[in-house]
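Chain naming follows the written order as A, B, C and D, and within any one chain the residues start at number 1.
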């Protein structure tokens, strides 16, 4: 079993390096946890996420109890742990990613209580969603301490039973999936959609298409007309 | 022959990793196929494109019949296969790339039925095109299921016999070439042009220059004048 | 001891390669120094920062006296040395990073005497700062020669005893921390905040929230309303 | 000597990979040459610049005569060769870089006959230039065939004896230096400045500061005022 945890730890380290390159976990922020049955492997708090080593990982139970810890006494488990467990216990997530992506943060500044977007192919990358769907992501307000987000996160997860992500205003996003591949796929798709929404707003294009009407064709017609003048 | 297919499979994996870094195939989306005479090597559907292995590839005939499949029974061939075959059979493509690049998607939101651009050096990277040409890329509307795009894609390919790309609104682009080098070169040039068009529109610069008139010099003169005031 | 300096030299080289990828030290600009007790390891001036080798490093004392130098007689110590020593001697910094990031430069063009931002999670990455804090970074004017910045930098450090960064208008930023991990973490967080501020300004969102009022919710409400019309 | 050429060839390949990552030589475009005394090593035309191998290089004399060629009969020397030789023969360049960077192209669309910028630290990265200088880069119009640029390039080089770069409208830039390090440093600094100018124009900030007046402080004051309202 310990060998298996070492493997999950190595996977966390590899994914964190990749997320660093994407700008999701810079400045020691953000993180990821992986669940293995009744145990969850979580990274230490406040360390450089792109330089973690497998032997620095913690394992906790589904109720948050500490099961194993790294030898280095200076390490503490990620402050996201309580939040990770919300998605795991309420939604059966097998992996949870916490991203500080600037696209996520900008989206929380341009949308009010909900981020919403429709009619983009990347929406299909979210489990259970179709191209024509209006994809909604709840936005909760940030708190001074990360652990104080837990109640609001739980409320949002309960209120939006179909979501695989919750945005935190001026902070980032929590994104999960049935396993690490699904969580990573969701994280990539949501991040793309956050960025697309920011660029669409900048260009004056609505992010949600009204039923049956292709708003884009109107705006593109206007743009094309502008080209001709 | 099987060794050769393994090589094509390895090439697909390598190219997919590179396309992932460019943002073309994130979230398991997008893809690539390579043709070897009467056979086409295609990647599996719904997998992380940057983590594929050569032994996961399928080979299909030009009529879409499955020739070989990977040992893993959970894998299905890419949903793009029918679309890839359109470019292969109608245009003799040796390789087809399907990109979800955000630049391609933004271009489909800023243009109506056709993307068009002229007078950019990168246009010369498209086979048969010259600098002064007006490069046109047809835009077809997206459908809920990828396979339902096939008819519209065929229509566009037939209607635009000189194009090496078809944009899919709010989705991405299909881009091809006589071989994998030409397809990749085309994909890089088209993506550059999509991005340039988005930036030009944002700056109020027409993407197509009217015959004989250098519209840019007018706008740059205005910009330069603004600098002086 | 020399072995240890070699290690610090290797770390400088590794960090500089990473900073080059982030766009902080291109064109031979920018730099980093690491302190080891009473000695400071500094890179040579005017070399490609992403291609440095450990044996090219200098070591200087806290008063700027040269302690050791590389064998290559053509190398001179970084022109930033006097500036690095300000943060080291006045603030006890263990490492100082000098970045030419375009986000830092754009921030100095959009703010007057001070850069300020509040209510972003990444603010918590700066030692001693909380989410609700108004983070202020002094901006000093650039000079023709880098060494002439020393007095203004010292003044800013003294006037802003809580800052871990000073912006230099049209030039970049000096950022430090208690050790190299803190300095790098600060540099990543500040750079994120500089970029976020530029994007917020572009979107018409104030970078500082007025006491108790969430200005963003107003602007997002307006944006949401615009979506509906 | 042949060993030395192999080394230069390897260096060209390595630099080209790095320039590809920067977006300067995608789609087989752009290039680089290195001079070794009276010989110039140039890459082949129309190949993927990030995948070149040292044995694919040509060497030409300063008058353009072909000295050595690769074994592969399908390869032709870069179409930039005549242009590279202009900078080499007129300015004694030891290396010339041809970039298709989108920042360079956007700069040519926002400026008229000359790109100009002042008061940015990165200007100091250009040989002989100081911070307060107004850096000017001539912009020549593009031609249908790359070789037809030679006369206009020569004119610009002669007319601007201090420049290390010539922009080609809607195409890119030719940038050189006394050796490959200087050429690469110049290319990085110019590209940074092209990008900065585009972002400054977008933010309404003049790229050239009027004598003695800090225009930026005015605009930042306005922006700061806007923040307060």
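For this structure, a couple of remarks:
Throughout what follows, contacts are C-beta pairs under 8 Å (C-beta built on N, C-alpha and C of every residue); 3 or more make two chains touch, one makes a residue touch a chain.
It should be emphasised that the depicted structure is a prediction, and the values quoted were computed from it without experimental measurement.
At the interface between chain A and chain B, under half of the residue numbers appear on both sides, which makes the contact a different-residue one.
Using mean Cα coordinates as chain centres, the one most removed from chain B is C. Rounded to a multiple of 5, the C-alpha superposition of chain B onto chain D involves a rotation of 90 degrees. Centre-to-centre spacing of chain C and chain D amounts to 28 Å, using the average Cα coordinate of each chain. Multi-chain contact residues of chain C, defined as those touching 2 or more other chains: 202.
If the chains shown are joined wherever they touch, the resulting network closes on itself as one ring, and no chain has more or fewer than two partners. If you check the complex, the residues on chain B that touch chain D are 119-122, 125, 130-132, 181, 184-186, 188-189, 192, 195-196, 199-200, 202-203, 205, 214, 216-217, 219-221, 223-224, 227. Against chain D, in their complex, chain C makes its touches with residues 26-29, 48, 100, 102, 105-106, 108-112, 142-144, 168-172, 201-202, 206-208.
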